[in-house]
Amino acid sequence: MDSSILANLTDAAILFFFLGLFVGAVRSNLEIPAPVAKFLSLYLLMALGFKGGQALSSAGITDDAVKVILIGLLLALVIPALGFAVLRSRINPFDAAAISATYGSVSAVTFIAATQFVADRGDAAGGYLTVALVLMESPAIIMAVLLATWTRARVQADAPSPTGAVTAAVGGVQAVGPAAPVEPTSMPMKAILHEAFTDGAHLLLIGSLVIGAVSGPTGGETMAPFVDGIFKGLLAFFLLEMGLLVARQLREVRDVGPFLVGFGIVMPLVGATLAMTLGTLAGLSVGDKTVLAVLAASASYIVVPAVVRYAIPEARPSRYFTMSLAVTFPFNIVVGIPLYYAVAGWLTT
Amino acid sequence: MDSSILANLTDAAILFFFLGLFVGAVRSNLEIPAPVAKFLSLYLLMALGFKGGQALSSAGITDDAVKVILIGLLLALVIPALGFAVLRSRINPFDAAAISATYGSVSAVTFIAATQFVADRGDAAGGYLTVALVLMESPAIIMAVLLATWTRARVQADAPSPTGAVTAAVGGVQAVGPAAPVEPTSMPMKAILHEAFTDGAHLLLIGSLVIGAVSGPTGGETMAPFVDGIFKGLLAFFLLEMGLLVARQLREVRDVGPFLVGFGIVMPLVGATLAMTLGTLAGLSVGDKTVLAVLAASASYIVVPAVVRYAIPEARPSRYFTMSLAVTFPFNIVVGIPLYYAVAGWLTT
Amino acid sequence: MDSSILANLTDAAILFFFLGLFVGAVRSNLEIPAPVAKFLSLYLLMALGFKGGQALSSAGITDDAVKVILIGLLLALVIPALGFAVLRSRINPFDAAAISATYGSVSAVTFIAATQFVADRGDAAGGYLTVALVLMESPAIIMAVLLATWTRARVQADAPSPTGAVTAAVGGVQAVGPAAPVEPTSMPMKAILHEAFTDGAHLLLIGSLVIGAVSGPTGGETMAPFVDGIFKGLLAFFLLEMGLLVARQLREVRDVGPFLVGFGIVMPLVGATLAMTLGTLAGLSVGDKTVLAVLAASASYIVVPAVVRYAIPEARPSRYFTMSLAVTFPFNIVVGIPLYYAVAGWLTT
Amino acid sequence: MQDVKRFELVIGSANAGRFLDALDTMGLPHRTVIPGIYGQGQQGARGGDPFSTFDNTYVLVAVPPERSEEVVEALRPLLHTFGGMCLVSDAKWVLR
Amino acid sequence: MQDVKRFELVIGSANAGRFLDALDTMGLPHRTVIPGIYGQGQQGARGGDPFSTFDNTYVLVAVPPERSEEVVEALRPLLHTFGGMCLVSDAKWVLR
Amino acid sequence: MQDVKRFELVIGSANAGRFLDALDTMGLPHRTVIPGIYGQGQQGARGGDPFSTFDNTYVLVAVPPERSEEVVEALRPLLHTFGGMCLVSDAKWVLR
């Protein structure tokens, strides 16, 4: 296990993540231009989906595929429920719902790092894990929104000013005039579903998966230099940006106390344990088990915040976004992935 | 023929075009950042020119090269004249001139899709077709501007307020004050020629062609991973953006009635027929004939609008730009290319 | 020698630099979007550092490495001192300090062009030259800032309004009210050192060097298509942008008279001669000598201006930036590199 | 020149569509929009994330003075729910 | 602080050069420019196309009040031909 | 609606941090920022270089009128040293 962690720490892409952290910490003026960073994130989703689709179409729908997808769906329902149960007693219910959604969903970049990690060690995971990734993205969102709607109904009967209240202020000074009480518009479920399913990152991933599956070996060959060849380099660049981002986000952690930091580390471990148990019972391979654990352990910072920011406007991004990005993402990248891999190996032999 | 169309529909790049259309149609928030989209379009022009130049320098100026270029130039004069003759009786003369220019010129992205299509089927077109592409870009523009100038002279004698009139309005509400009549400045021909020949896309294409021709096999080898390797992937990305763009543009079609939609489909067929006839008479290969037909059939949405937007300010982009981008581009990509290829094959055997 | 220059002029990347110059000169609307240009410059630094680190770790610290680095450091101290001595008698001391810093430091893009040039001719330079590049970036900055501080102390005793004075003006017309005399804040040395060492370009280069050295052959293989394969193509694109930039900058040369243009050509020759002499004495290879000469001859237009713009706010970028970008950069790219290579070959045989 | 009220909105990019729709509904479709910008307000720091989840959009709308009140009333509930800044100032519109 | 007139132009990027040249000719070369922005006006929706054929440029120019009239007169014919928006408002220039 | 003073700063991106820090120190952390823009002023042409060494940042800050003087005083020395433009105008803040 230790050697796995160490090997991970000499991986070029992971090292660029550390470089980003360092450069961000010393407050350098280094900046990846936002449009390029956005392109890189779209590229990763596209390459990820395409390669998953290719793997899927060449292997077909195997027994393992069905098992992985069923386990994935189960985890996508259990983990947010568990998260909400733990959180609701300690923090306000809107934040609890948003954080549950975040941890119930998945992180594509963590997934990519994990698939690279296991493939580099000869334990490549199946293409169906990309399908699991896609399917595990959304259930938590819907669940969280339902929880928030329910909370909202109860809250509206009670106190007039919930946590996320936006009150009038000019130039950082609270305005003199009395701030009107906030009445968050209850966004209709239909609109939320529309947002969740038409989110760009989500659609690009699914679309690329389908295209990868449909375009066959010829498609695979012509696309290979783009989706395979330069993949590691662009991933390294993107992780550099992620490091910078995490360093910046770490400066905004005042809304995340020790309890939430703890949650951001323990919750992944709980999710990974669940996934590992189910995966072992189902007799999955080391690679599949590791990546499934990573899906369970990872928290979304793309799709979920993109939907929750207006589906649950009362929840604070300075909590749910910061936790998933600045606590759980680095934890999984540095410690989690090699740890889950080591345990998966140990459970399998 | 049918099988060609079907095969085209499983091409990864074309599928990304459909993905873009779909994602745009469901109004997802997916967006390729504008600076990146622009870079992709520059990249395609650069790679296109470079590869054309390489092919040209290795093959030299053959008989076929001369024939293709002469036919291309002929088409570049006949098609806009034909277009204007058809349009002037039905729509205002400024729009007619602009649309003629659009259809008389060519689309580099359609050209790229076509060259990939024929090369994938073992019928690669010659490097001189890139020269034809370059030469066919401009004649239509100059012709259209002359037509517009002539129209302008006649119009100024008559009615005071031509179609493209820009009248004062605040916040979407027509202003109370009387709008001054528009007197479009007649841009001097010299300035127009300067704009047409110094247009960035145009110069980059020509420049890359020359560099490709000059830099020889060594240059070709070192540039190959960039201009060949990742070409298909970046093309796929760009076609995704084109799909999004077409979907957006389709929402603005109120200025394009059934007549103009019909024109946007029939005109390419007419152009392709002309090219195919001349190509067959000249005894060109299947690949050359197909690509020449595509040049004739395609309509410009980069260089021509870039010049016409100020050379003929009275013409409405909501017509000429929308038609070439949202009607003719998808038509050629999906139906046209495989159709012309099938016909070319049938005419050759 | 002549043939080297000629061969250089058919190099695809160099040709794109000329294309950029030409396109810029005819005032085309061609523009590489700024975020993409910035990404390209970061990419070059990353690839440069990574490949240097790889070369270094595979070769280890050789005798030649030590010699090159020592010579490099010596040059980084001597050249700016020499430059300042020459300039101070002719132009104001703030500009003199800034220009000395520029020429005392190095240009990464020129370095890249040179390493490509010698490698293409079978005389690849050692990985330690990248270390020399890194180490030669900063000494000149610190020296120049010390000179400027010293000048500032003397000036403040004398005249109230130094050259770079920013006086109040509205819309290009000097304001009626009397402009307050400028008292440039003396930025504390600590802050300047912080800026110099946390500059993004600098840190990315060093970080990539370390990562390249640490991530070993496996890292090298997975990163190769990105840092090697598409390198030439992206360099060509970047040189296109550099050409555009130089063409633009050449229009702003009114602050650079014949004396400074002469300095921008003679100073590189002096630097190269110094480097060549020391390199020959130390018995370096042709490749190492050439690249070392290029380091000595090149002037910084990234890191130095980034620090000097606020470390010496009295100095005019229209002098130091224009000279290094519009005079010395093209001179080295077109004439310098093949010249130094020819001389190095001649000195070695 | 004609008097206009100059509305400046700085709102989360994710919500910009709602504000623009509200203006469309009022028959005020003309506007200038700068997306992807940075800011800091009640809701914390925004801008610069690669997923464009939390950045701002700047919207400039010139409206006839007599419609100013109405626009304020239409935008207030949106500002209330989604946060953001709205400034109103006077300007002259140069007739063309 | 000094009174200035604050000109805001939103014009097609392709035509921006003409407006800026006109200002240069008048001896008013100072300006702030934001290219590549979105908008909607009489000429329809603009911005966001990868060929930058149809996007807008925003130009901010502070001019001495006594030159305001003259600037309006110089810009009007250009606005007339090429479309675009021009707003004029009052501001104070902070002397530095 | 509430009266505010609308500060517009156009400053070198490299120096923007200093201006923002000064505002932070005064307890005025709220702002809107557009980086990477073009301009021309006393210090020549700026913007569009790939190293972002010489481009401008636009900053919009709405402050309560009674703090306006104080802000001007705090910014002036910075403008003096680093150049840049600062405009102050009147606006109404729409309460949300």
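Chains: A, B, C, D, E and F, in written order; residue numbering restarts at 1 for each.
Basically, a residue touches a chain if its C-beta (ideal position, glycine included) is under 8 Å from a C-beta of that chain, and two chains touch if they have at least 3 such contacts.
Note that the coordinates shown come from a computational prediction; the quantities given were computed from them, not determined experimentally.
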Worksheet item: For the homomeric pair subunit D and subunit F, should the interface be classed as same or different, according to whether the shared residue numbers exceed half of all numbers used?
Response: different
Worksheet entry | Chain whose mean Cα position lies farthest from subunit E | A
Worksheet entry | Gap in Å, rounded to a whole number, between the CA centres of subunit F and subunit C | 32
Worksheet entry | Where subunit C and subunit E are represented by their mean Cα positions, the distance between them in whole Å | 37
Worksheet item: Using the average of all C-alpha atoms in each chain as its centre, how far is it in Å between subunit C and subunit D?
Response: 44
Response to the item:
Averaging C-alpha coordinates per chain, one finds the centres of subunit D and subunit E separated by a number of Å equal to 20
Worksheet entry | For subunit E, residues contacting two or more additional chains | 4, 14, 29-30, 34, 36, 41-42, 47, 52, 62, 79-80, 83, 89-90, 93, 95-96
Discussion item. Give me the residue numbers in subunit A that touch at least two other chains, ranges are fine.
Written reply: 29, 31-36, 38, 166-167, 169, 180, 201, 225, 229-230, 306
Item to complete: Provide the residue numbers of subunit F that touch subunit E in the complex, in ascending order.
Response: 8, 10, 34, 37-42, 47, 56, 58, 72, 75-76, 79-80, 83-90
Worksheet entry | Touching residues on subunit C, where the partner in the complex is subunit B | 10-12, 15-16, 19, 22-23, 26-36, 120, 225, 229-230, 232-234, 236-237, 240
Worksheet item: For the complex, which residues does subunit E have touching subunit B?
Response: 12, 14-15, 36, 41-45, 47-55, 77, 79-83
Item to complete: Using the touch rule from the top, collect the residues of subunit F that touch subunit D in their complex.
Response: 1, 4, 6, 29-35, 60, 62, 89-96
Discussion item. Please output the residues of subunit A touching subunit D within their complex, sorted ascending.
Written reply: 31-32, 34-35, 37-38, 40-41, 166-167, 169, 180, 182-185, 201, 238, 241, 245, 248, 252, 301-302, 305-306, 309-310, 313, 317-318, 321
